[in-house]
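Pasting the structures here.
Paired with chain B in one complex and with chain C in the other, chain A is shared by the two complexes that follow.
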Partner chain A sequence: MTNVKASATGPVLARKKTDCAPYLLLLPAVLLVAAFMLYPIGNVFYLSLQHYNPTKPWMNGFAGLENFAKILSDADFRNSLLVSAKWVLAEVSLQLVFGMMIALILNQKFRGRGLFRTLAFIPWAMSGVLTAVLWSLIYNQNVGLLNDVLLKLGLIDTPRAWLANSGLVFGSVVVAELWRGIPFFAISLLAAMQNISGDLYEAANVDGCSRWKAFLYITLPSLKDTIILTTLLRAVWEFNSVDLIYSLTGGGPVGKTTTLSILIANHATKTNNYGYGSAISVISFIILAIISLVYLKASKFGTSE
Partner chain B sequence: MQTKLREKIFLRWLPLVVINIYVLVPILWTVITSLKAEGDILKKPIRYLPNPATIENYLRAWVNCNFSKYFLNSMFISVVSVSAIVLIAIMVGYALNRFQFRGRTAFMLLLLCIQFIPHAVLLIPLFNTFHAMNLIGKPLAVILVCITFQFPFNSILMRGFISGIPYTLEEAAQIDGCNRFQAVLKVVIPVLVPGIVTTAAFAFIGVWNEFLFSMMFLNDAANYTIPIGLKMMQGEYNISYGALAAGAIIAMSIPVALFAYLQKYLVTGLSAGAVKG
Partner chain C sequence: MKQTQKALAIFMSTAMVGGVLAGCGQSASTAAPSSDAAQSTTTQQDPAPAGEKIEITYWDQNASETRTALYNHLIEGFEKENPDIKVNLVPIPAADAKAKYDVAIQSNTAPDCGGVSQYWMSDFIVQDALVPLDDYISNWANAGDMLEMYQQSIRDMAPDGNTYALAFSVTLPTVWVNNQLVADAGAEMPKDWLEVCSLAKTLTDTTKGQYGFSIRGGAGSSQQFEQMMYMHSGEAKMFDEAGNSTANDPAHVELLEQFADLYMNATPESDLTNGYAEMVAAFDSGTAAMIFHNLGSYGEHKKTLGDGNFTAITTLESKQGTQAIVSNGATCNTVFKDSKNPEAAFRWISYLNEHEACSYFNEQIGQIPCNQQALKDSWVEGVSHMKNAADSILSEKCTLITLPINVTGYYDLHNNQLVQGFQQVLLGEISAQDYLDGWAASMTQLKKEYDDYLKSMDK
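After this line comes the complex of A and B, so read on.
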């Protein structure tokens, strides 16, 4: 009977402040986050101050700031920062430009739009490893399609080692990552475009506005928030991404595709130098925290709720 | 009229063709490679079509390269993780939508923030945690990580679906003598089915594609998932490109099928303030 009374008093939300139901509902989620996200982050800060290598237990012990001092003089680390910056910049800007183009086209009404929309978005569902396999079959020197087509078109005169040539590898990996990254931008921008009132464009048309001007003065300003959010989200996502580069090049050749995240993954999976790897993780984490704060400020998260 | 036609060609159809070549060629080339006879794949000049087409690569991948095993492993991890993710997403989504409580905004903020945590950073400490729990090499380690990583996005998604169900439905059930839990079970859940299926599909793609932590935690070939199987195959010295291509097609079959179902939700779902790579 208490339930009947409760429902009679409030139409939507349970009003009692002492109600423990929501906390019970959130409990499993909070436990998971605490055990497998927050605790490990605390742990990584602790490990960063240790010499810790499970394969060399006799060396383990407190290191103080030694790991961090070592990072400052580590050429691999400096290189990875640079590669990360290049990687994020190239991926985010190109994904934005191409995503915008696709969204603009698919926002028009024409026959076959649904089919093209489906086809253009397919790579969204693909994993990094899968993308790496698909593109390795394109770039491969023995069975790959790219060298063959470029040779036939006369664009190159000798086959290229797309993933082994230190001058080409970064571009090759960028193209592969773009392939599965563009749909996210296209989808997000298309969703935002569908919320722009058609009246605005009609009015602009009446006033003799060109299509380019309409894009510049109506579409772009209306998409401002979406563009800010998606680019920042993607920047974080690309900064963190490991799967594709790890499976396509492993960070090579000569560190040309070793981003900060790849460097950490390599320390974790190959060198077993957990203390040092943790110190790099801490720095990576701080960089991300700064980007996230900027994002939260820009999105004014929580105010509209 | 002339300029309109030219505009249509250069601003619509030409870019569309270019985009579709870019998107489809890697997929088609993988399909073609997977259907070529082993001897044909390495032949020069490269043949653009398999002649004759054969399924021997699929048999090789499925039987000799253990993809049947990897497929089952991936399926097991995915089904268990997705069930848990959906359950947690319903609980979290319901709590966030139907209750006003202290800490609600903070929790929302937490859900958003933890999606920014670089996963590579967690590799070493999580390895230690699971080592201490004696879970290294066991699928449960990957399952726990997948649930933790996937539930935030899916909870936000689920909250959106739950907010679309009027509270009056539950009220009516409660007046009819149900308690709140029964009301949710008997009235909300049946209406929520499309939302549950959509959330499950998003979660499934995420778990099915998980690579980094499976790589770190699953050190026994008997427990490998499909992404690990693919990666291992790629690293082999005597790589069989046909089997690799066939393995890739097997790997993509599930996410592509789910994508076909999900695509109508993609544009609305992803714009609902949700965050997903």
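After this line comes the complex of A and C, so read on.
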């Protein structure tokens, strides 16, 4: 009887031991995420309800929803929200279009294809600050490459201040970021294109399908999930992007390139106004979360046509 | 498979969106990693037992290769004289220095001592982060060599009247003029700010890509203009008797209107976003005939234009017929309350401020030493603009107008709010009067908050 009991509990204990193992293995990762994601996120929510500026201790304390109420009447916030929306739309759509074009070209068979694929990836590997230095030299009013080329081509009469002219600066920064962002789409789409069966194109060719129609009815539908995922990821990245804009223009002139992320950085690091900066972060989080969920739902991501 | 993809997408996008908040959360402790890195070399411990060295950490708030070499040389000399103390130098890039100090103070990890701009100090004093140095100074044999004008200005920063720093070097606001371009135009050196504006127009020839002036329109623009406008008005009081800021004095409005008129007529269009580097580059390349900066850029002009080809004007006549030095304070050395070895820290900063070290360091970086003996050294006498500046500082006729740097929030106001408005004035989007009225209202409000705080401290 005793033997029977022992043999019955043995596997149970063994299973219990086995059941714990995955959790123990996951524990370090969970702890790291908790320390570096959950705690800061929780702290931001907490600070958003506080007046907190270490250099003005007399103002510190519970603020309730005051910071959020202030946001509603803050012209800088409204301006930066608009700039962010323009920025994300311009960047994601242009990067997708140009990335698709490059991916289609690199998907063809030609000599030196490997080299061109490597070259196409280079801008993606460059840091935002380095890219900013490169483009600030290109855009320089007095010694910049762009003015020199345009003057020689007779397209402009006098050198332009690409980063100081309030009508030109947004487009100039968009182009610089575009240059850096295209490879992400090009590589992602190229990888997805290589998974499309050649039989489909062969069959379409036999049926007399043009290249354009093959792209429209075979390539694009096959890339649907990749396009949805990459555009969503890129939109979130661009929304949060700080490095290039900060290094090129610092959000200026006159707020023309101040995105929400730049505004948050300014409030938190320049003015020490952590309470208000956190409230703007919470609003940004909510906006991004809603847009992401709506986008995934509307695009029917992961479902077959 | 599709469900897995969908779950993955939702997870990834949620994680990415969460990054918005996590990123901001980190920004609240933005310099923490660097601060920690810096802290790794600091010694936050009790004084070392007899025979062991005390280690102290000193932050240089304006890191460069040149300065690091100079500090290392001085540390070598100090450690020979003080074999019981070891100084660890931590160079901090200028753009991040204030933020790094703020984070270090909040996390109780400030260094033993460090270099600071005087206009940061009110923020540090309010946080009770600095050690009063009066007792140390009273026991310091060479304390009498310090420049009283600047030490008084430092005492004025503190509501309790204590001395929280030693002025180390100072640089005077300066109009730099290209001699050749002025001579070519047959013009004369300007004697006041209105003449500067008029000369800028005379020296402009856009067909040759030559401009009379280069304005700093980007980072630091409002601070620089603040010096110009008080030089122009000669107004010595920052607030009137009712506590209202004098920033919108009619003379200031007049000067800003003149400057707005110069933009794009006598300046390059790119001046709108100019920082220090772009402005100096415009002058050094000969694109701009004049700029307004300080004596600190002398070395760069000398390197590119050559000695004798440019003039430094440090005093211009004000509307009141006076000549004034408008100062946003000195570069100072201070001791932080987090220090476990404040006495050793003071020994180091007082060594830096003594004749030999102060003279050596400031000669190499081209700034004015805040030490009376050093001001009489041959290198000061030998360089005309330095001699003029030193004479002005030592002269009883020249008054020092100190900007309202003691009001907490002064630096933040300039750093984050006033620059954009300055650009709007240059673009003609708002009037000079409206801009300066807004500036004055903000300063008045800051002053009121600060005064209320001081009153509450008294109770």
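Brief remarks on what is shown
By definition in this document, the second predicted complex is superposed on the first by the 273 of 305 C-alpha atoms of A that agree within 3 Å, B and C clash if a C-alpha of one lies under 4 Å from a C-alpha of the other, contacts with A are read in each partner's own complex, and residues count from 1 in each chain.
In this section, a contact is a pair of C-beta atoms (placed from the backbone, for glycine too) under 8 Å apart; a residue touches a chain by one contact, two chains touch by 3 or more.
Because the structure is predicted, anything quoted here is derived from the model rather than measured.
Touch criterion met: A:P57 reaches chain C, while chain B stays clear of it. When the two structures are aligned on the shared chain, A:M126 is found in touch with chain B, with no touch to chain C. Between chain B and chain C, the partner in contact with more residues of chain A is B. Judged by the touch definition given at the top, the superposed model places A:V254 against chain C, while chain B stays out of reach. In the superposition on chain A, A:P40 contacts both chain B and chain C. In the superposition on chain A, A:L25 makes contact with chain B only, not with chain C. After overlaying the two complexes on the shared chain, residue contacts for A:G99 are found with neither chain B nor chain C. Touch criterion met: A:F116 reaches chain B, while chain C stays clear of it.
By the document's definition of touching, of the two partners only chain B reaches A:A192; chain C does not. Judged by the document's definition of touching, chain A residues 36-37, 39-41, 43-44, 47, 140, 142, 233, 236-237, 239-240, 261, 264-265, 267-269, 274, 277-278, 281, 284-285, 288-289, 292, 296, 301-302 lie at the interface with chain B and also at the interface with chain C. Within the complex formed with chain C, the chain A residues making contact are 36-37, 39-41, 43-45, 47, 54-59, 140-142, 158-161, 163-166, 225, 228-229, 232-233, 236-237, 239-240, 249-250, 252-255, 261, 264-272, 274, 277-278, 281-282, 284-285, 288-289, 292-293, 296, 301-304. For chain B in complex with chain A, the residues that touch the partner chain are 11-12, 15-16, 19-20, 22-27, 29-30, 33, 41-42, 45-46, 88, 91-92, 94-95, 98-102, 104-105, 107-110, 112-114, 116-129, 144-145, 147-148, 151, 155, 167-168, 170-171, 174-175, 178-180, 205, 208-212, 215-216, 227, 230-231, 234, 241, 244-245, 247-248, 251-252, 255-256, 258-260, 262-263, 266-268, 270-271, 275-277. By the touch criterion given at the top, residues 3-4, 6-7, 11-15, 17, 19, 21-23, 25-26, 28-30, 32-33, 35-37, 39-41, 43-44, 47, 98, 101-102, 105, 108, 110, 116-130, 132-138, 140, 142-143, 145, 148, 179, 184, 187-188, 190-192, 194, 226, 233, 236-237, 239-243, 246-247, 261-262, 264-265, 267-269, 274, 277-278, 281, 284-285, 288-289, 291-292, 295-296, 301-302, 305 of chain A touch chain B in their complex.
Residues 2-3, 5-6, 9-10, 12-28, 30, 99, 102, 105-106, 123, 126-127, 206, 209, 217-219, 268-273, 282, 285, 287, 408-409, 412, 415-416, 419-420, 423-424, 427, 429, 449, 452-453, 456 of chain C are the ones touching chain A in the complex.
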